[in-house]
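Naming follows writing order (A, B, C, D and E), and every chain is counted from residue 1.
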Amino acid sequence: MTERIGVYVCHCGTNIAGVVDVAEVSRWAGEHLAGQGVVVSRDYKFMCSSLGQELIQKDIKELGLTRVVVAACSPHLHEKTFRNACASADLNPYLCELVSIREQDSWVHTDKSAATDKAKAIISGGVARVAHHEALEPLRVPIHPATLIVGGGIAGIQAALEIADAGYRVYLVEREPSIGGHMAQFDKTFPTLDCSACILTPKMVDAGNHPNITLLTWSEVVKVDGYVGNFAVTINKKARYVNEELCTGCGICWEKCPWKVTDEVFEAGLGKRKVIYVPFPQAVPKYPVIDAENCAYFLKGTCKACEKFCPTDAIDFTQKDEQITVEVGNIILATGYDLFDVRRIPQYGYGRLPNVYTSLEFERLSNAAGPTGGNIVLRDGKTVPKTVGIVHCVGSRDQNYNPYCSVICCMQSLKFAHLVHERTGAEVYNFYIDMRTPFKDYEEFYQRLLAEGTHFVRGKVAEITDFARTPEEEGRMIIQVEDTLIGKQRRIPVDMVILSAGLEPRQDAKEVGKLFGLACGTAGWFIERHPKLDPVATMTEGIFIAGCAQGPKDIPASVAQGAGAAARVLGKIQQKEISLEPVRASINEQQCSGCRICNGLCPFNAILFHEDRMVSEVNPALCQGCGTCVAACPAGAISGTGFSNEQILSQIEGLLLVNVNGKTTEAVPA
Amino acid sequence: MTDQFEPTIIGFTCNWCSYRAADMAGTARMKYSPNVRLIRLMCSGRLDPTFVFKAFAGGADAVLITGCHPGDCHYVEQNYKALRRYLLLKRVLAQMGIEPQRIKLLWASAAEGAIFAAEINKYVEEVRALGPLHWGKSGNGSKPIVPDEAKESRTEVPA
Amino acid sequence: MTAELSFSNEIINMMYATHGNPISLCLQCGTCSGTCPAVEFMDHTPRAIIGMIRENLKEEVLASNTYWTCASCYHCTVRCPAGIDIADMMYVLKRYSIWKRSYKEGLIGPDFAEAFVKMVVNSGKSYEPILATTYLPRFTAAQLVQEALTATGLVLKGKMPLLPKKIRRLKNFQRMVKRIIPLGEAS
Amino acid sequence: MTANGNKPKFAMYWAASCGGCEIAVLNIHEKILDVDANFDVVFWPVAMDAKYKDVEAMEDGSILLTLFNGGIRNEENEHLAKLLRRKTKILVAFGSCACEGCIPGLANLCPVGEIVQTAFNTISTDNPHGIYPRTSYDVPEGELHIPKLAPILRPLDQVVDVDYYMPGCPPESHQIAAVVDLVIKVVRGEAELPPKGCVIGVGDSTVCDECPRARNVKSITEFKRIQDVAPVDPTLCLLEQGIPCNGPATRSGCNARCPNVGAQCIGCYGPAEGVLDYGARLISAFASVIDAKEPEEIERILDGIPDPVGQVYRFNLAGSLLKANMDAWRVKAG
Amino acid sequence: MKQYAYYPGCSLESLAKDYQLSALEVSRALGLEMREIEDWNCCGATAYFPVDELLAYTLVARNLAIAEKTGLTDFVAPCSACFKNAYYTNAYLKKDPDLADHVNFALEEDNLHIAGIMNVRHLIEVILEDVGLEEIRKRIAHPLKGLRIAPYYGCQILRPRKDHEEVENPRYFEDLLSAIGAEPLEYASKTRCCGASLIITNRKAALEMVRILLKEAIDRGADVIATTCPMCNVNLQVYQSQVNREFGTEYSIPVMYFTQLMGMALGIASHRLGVAREPVPKAREAVTA
């Protein structure tokens, strides 16, 4: 054995030493693994402390260690620590192996002798493995300074402005004709009741005018190639049928367009818009789009009123979808949320009982720029409700629909209660399960509502019906609920019901995730790298998430995440290049037969095939090191650094050196 | 305790989900049987059937393969590739007389420490019930292997 | 390990087919009680009963008429956001109360259920007039008259046959029942 | 064949194998004359009369080259393997059987008793008295012995140290000729021997490398036996047509003989360089091209490979990591 | 003619003879052959479960096991309570081998064994799915024009099946009624419990539950309430007088089985549907008009 291996067994205070006999383990390793190259084996109270690290560094220098095995906690915790310790003693950091005898041993077992034996086995595996480690260099790739942001809601806008202000190019891709997202639909925002448009519009305008921001609205990403630092993104710019160079946004076209359709997106189905339209007056950019599916010209071949009246000849019915490709170094996804479809709960009567509204419908109803000019009236357009019921948690916190809490519904329902009260003087009932007002000034807002005399009924609404049992119920809707604080079923007649529908992942979140190599959790939101400590990064290098795409949240949190994601991206851009874990696959061309079995296996398209030489090759920058192709190559032509066959096979051998009864084994037929 | 057969099980975990599930079981101090030794791979897709053969040949009584839930793979969908291999491997092992229960594929997300621990306990019990595998190593050497006399020559060759 | 089971665990253990029903997950949201068509006639709402079980208030639960007032309509079950089969739990309470012979005074439900099962065990089929005689004595005079009127009305309309039916392989059937419950109790 | 004391000595032995390898050596045509011209053939039971005791009498290490073909199935095979090892300088495991067990190695799937049962007592066997062999038997001339069967068949290197391997079932004549040429050159001092333990007479990639068939990214929704594919596309990779071809995992050197003539490679040249377990490679490879996500669907596709061990270990079972079937060991255990 | 293992259940032999008559007539007319299984026993309605869960499953399983022996694939019950019991017993036994073992141990006494292979269905499902609205429309001789019907589903046909497309707002009964030419009403209480299982044990509660159902049907102007279950039917019909007495109302609305209504529309003579004795003037008018 040519390697000189040092073994370091950590006590971790009593975390390990309380269960594993660390002194015995260390003695055993020094004695029994000497044949494998172990020249020194020590135990120490806290290996990760600076003294512990110095111990290793001293041995590397004085004993000429060529490999280091640290038996301590999970590599996810301290692998970097010990690698760095080795590096500063001039030992290649990748020649160090951290094996876990805490998370996988002392913390999960009680039988001390079994745990001690297991520690021996784990160390023996590590020693056998480390002998096959190679000295590696981290991969360094340059970072393209431009950034792609998908989704122009408040989270995406915030991120775009932060990065653009720092002096870097941003491509902001938005699927709808205008940026703004859901926030643009609101009248007031909780808890301060700021006018949504007043605080959002300036940001939208900034984003629209910023020299570093390229706005691509009415567009969608169709393809993502490349890897962190070097993405090539293909974007489909849908035909607008309006020449953006010529259009001045004067508005004559939509004034003259003779056709109206229901606006299902921005007006949530409550209002109408023209066929050529901007979704709302403050839209950014200001150019309209023609909704070709409803346009008389596209359907019947006649009309062209818009074209006739346009003073700048900006209408262009011959426009086609256009595909453009941009190069970026990082990507932020801020695609937001969809509203839960309240029809899935038929007992709440939406669609059957006319005066049941969704929360977004109510936002439009109460919006001064909305279809009723901000008048809160029933569907007949005139009757002002006398009693209004607001139902919390619709589709949320419910195993039948979405088990999670949608975070914003309580506050949003309080906001509604206030608006109704203020504008109509109606009696308001809020039906809630738990009142959740966890952030700054939120509880104060709740107290304000209590003071306003809002009725709060603690109970999840069972059903809403128009069948009156008593004369006072006649002609109204009845909300049937248990008032759990009183312990009685109640039937409360109301004129209007608002369903505070939960937030859901975008319908297409899975496909979008796939496009970018992101996974969605069980509820469907994009998965962050760490739920607490890294909420805006993802498992895919160079791809970040912000806002409700990551999970339900309110505007302040969306803004904070947008800014946070921007800071992460700026950090990367500043580094100019990025070092990647050198866990990569590579193909020995000599051995590769060109069978092409590996070609279809790589989810990152890292394997290319050279038709001329009939061999395959791995692009190390695209490869993420999963090792699937390594395991698949029938010719054994692919090897994977960090997790080579030799490393793993010898680790198996090492682990099996000590069996569960603590005996050194030699398997033979009985 | 001393009479009870203690199986040795080699477990393979992926770096992102199941290894983190093991970490989480540790952090939460959940207790489980000490019979499983884990090897960290980057992905369940890295699992080469050779590793499984090696483990059995080296004296393991069972092999546990773990990975992210279908749809949750850190590498998008490599766990499906692991699943395909696993199913074929299982058929080959069965033909070689290794009970199908001696190899198991388990999906565990990073959050499922409790499930991970419970599944290990369950699996150790299952393997314990099967008894030792005792795969022979002696085919390697030149130790003479004598044929089984008892099964031989039941009838005499008539002269 | 021989520590006595708590009341809530006893109840959970008795939910055989629904595998224990996750009653510990109840949010106390009241959807069940808000839904229940019989709730007015219950002295505690279904939600409250669940809360009481969880807190092991055995006497109070058994003394409540709630579970014998449940009509087994399963409306609460399909709506419960926590996936609890409340109707099934009500059945468990009924079984528990019959088993312990502990239920609220004056309830007809327990006797009726037992009479019903007895009849089925004896004949393999159910038959309304026979049942009537087992519970009639508990009725007030007014109810009795009403019942008689209804019954005779039915017979007059030809809806109610005068003789009960029996299944053919009654002996096998009864032995089958015996394998489930030693008959002493049921008939 | 003339004995000539000065020429290096050559031996060839045939253990548990079909004999094809011997024919293959004779099949090298005029090259066989080179063998005769350059070597003194001292032991080659199939070609000349020779007695074991003559070999036993030779000085250790006196034979330069022994081509040993066949696996070790019984006591006699084992005795000869050890004997020839002692007497030989360069011991070559010749042909798939000696290298990795080959078809006789598939018998490792059954315990010995079952093999004997099958050989002496199946419907097609005429054995009315139910007679089974015995290892020793008294006849008037004395006691007769037949060699005892081992519980499993072992490739040569599991019994003795092997210098070189030459796979193939049998090895291709052009490869044999090349090796013979090489040894002659070495004898003449014109070339060096390759490092010990090498596989000789082969290519450095796999059969696909030599296969002329066109190939694409593979994704398969059904595995079929070749006879069930009609018509087989003559120019397209067979695996892409759903035919489990072992070419991707099999060492090159045969010029892709089988796929060239329209049949799938069945793997006689054994694993590629550095591969520990041939079957494992094929399991991975076949599973990798399956296009399905649902377990039921995957299972359905796998049903198209009705005999997985036969498919992935036809030539290599005895040389695989697990070497045998559990039952074969169990005979020993119980 | 497609064949079905038919399980009438106790009520159809006594209280709900009219349902039995009309169900069989209509099935025949639509080309569905209902083959009554031999020697079946009571399914237990809602009254076994309060006594013994295992016994309840066993009694239901006996009927299913008998049906399995016929070689037919579909077990059809016209009574919603029977249907619900059979449906869940079948499902639970399939899911829980331990439970199945227990039950089969008892079934041995009657030389039976349940494998859980029957497809348990309610009669109305069979008619809707296997015949189809299109075909029904074609066969209607006397569309029930102008007849305003409150479709009452009740509970056991819908619940606790969570996988059912629309447990809360089913529409199939309405579709069927439209297909036979009638006018189905928006009947909010259509899935609300009628209290049948309480009618003996808690009369007061049950009558209140009946009252609510009658009130809505009458308020909405129904000519008749249609049912799919003998329990509901008897409860809503027979106890109307008691409701009136208890609450001082004057309700009088006919309650009919969906099969009776279908039968009339198909042109089957009223007496063969058990309708003759029922006063449903509006219905008869509709047919004869």
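Some notes on this structure:
As a convention for this text, contacts are C-beta pairs under 8 Å (C-beta built on N, C-alpha and C of every residue); 3 or more make two chains touch, one makes a residue touch a chain.
On a predicted model such as this, the values are computed, not experimentally measured, just so you know.
The set of chains in contact with subunit A as well as subunit D comprises B.
Contacts with subunit B and subunit E are shared by A.
The minimum number of touch steps linking subunit C to subunit D comes to 2. Judged by contacting C-beta pairs, the busier of the interfaces B-D and A-E is B-D. Among the other chains, the CA centroid farthest from that of subunit E is the one of D. Centres computed as Cα averages put subunit D at a distance of 73 Å from subunit E.
Centroids built from CA atoms put subunit B at 35 Å from subunit A. In this assembly, the C-alpha centroid of subunit B lies 49 Å from the C-alpha centroid of subunit C. A separation of 22 Å divides the Cα centre of subunit C from that of subunit E. With touch defined as above, residues shared between interfaces to two or more other chains in subunit C number as follows: 40. Annotation for subunit B: residues touching 2 or more other chains are 48-50, 54, 57, 77, 81, 85, 134-136. Touching of two or more other chains is recorded for residues 162, 168, 212 of subunit E.
Contact between chains, as defined at the top, is found for A-B, A-C, A-D, A-E, B-D, C-E. Looking at the complex, you find that subunit A touches subunit E at residues 345-347, 352, 400, 465-469.
Interface residues of subunit D, counted against subunit A in their complex, comprise 204-209, 215-219, 237, 239, 247-249, 252, 271-276, 281-282, 284-285, 287-289, 329, 332-333. Of all residues in subunit E, only 10, 13-18, 39-42, 44-55, 57-59, 62, 88, 92, 96, 99, 102, 105-111, 155-156, 158-162, 167-168, 191-193, 195-198, 200-206, 208-209, 212, 238-239, 241-242, 245, 277 touch subunit C in the complex they form. Residues 162, 166, 168-169, 186, 188-189, 212, 215-216, 219 of subunit E are the ones that touch subunit A when the two sit in their complex.
Chain contact summary for the complex, subunit C toward subunit A: residues 27-36, 39-40, 44-45, 47-48, 79-83.
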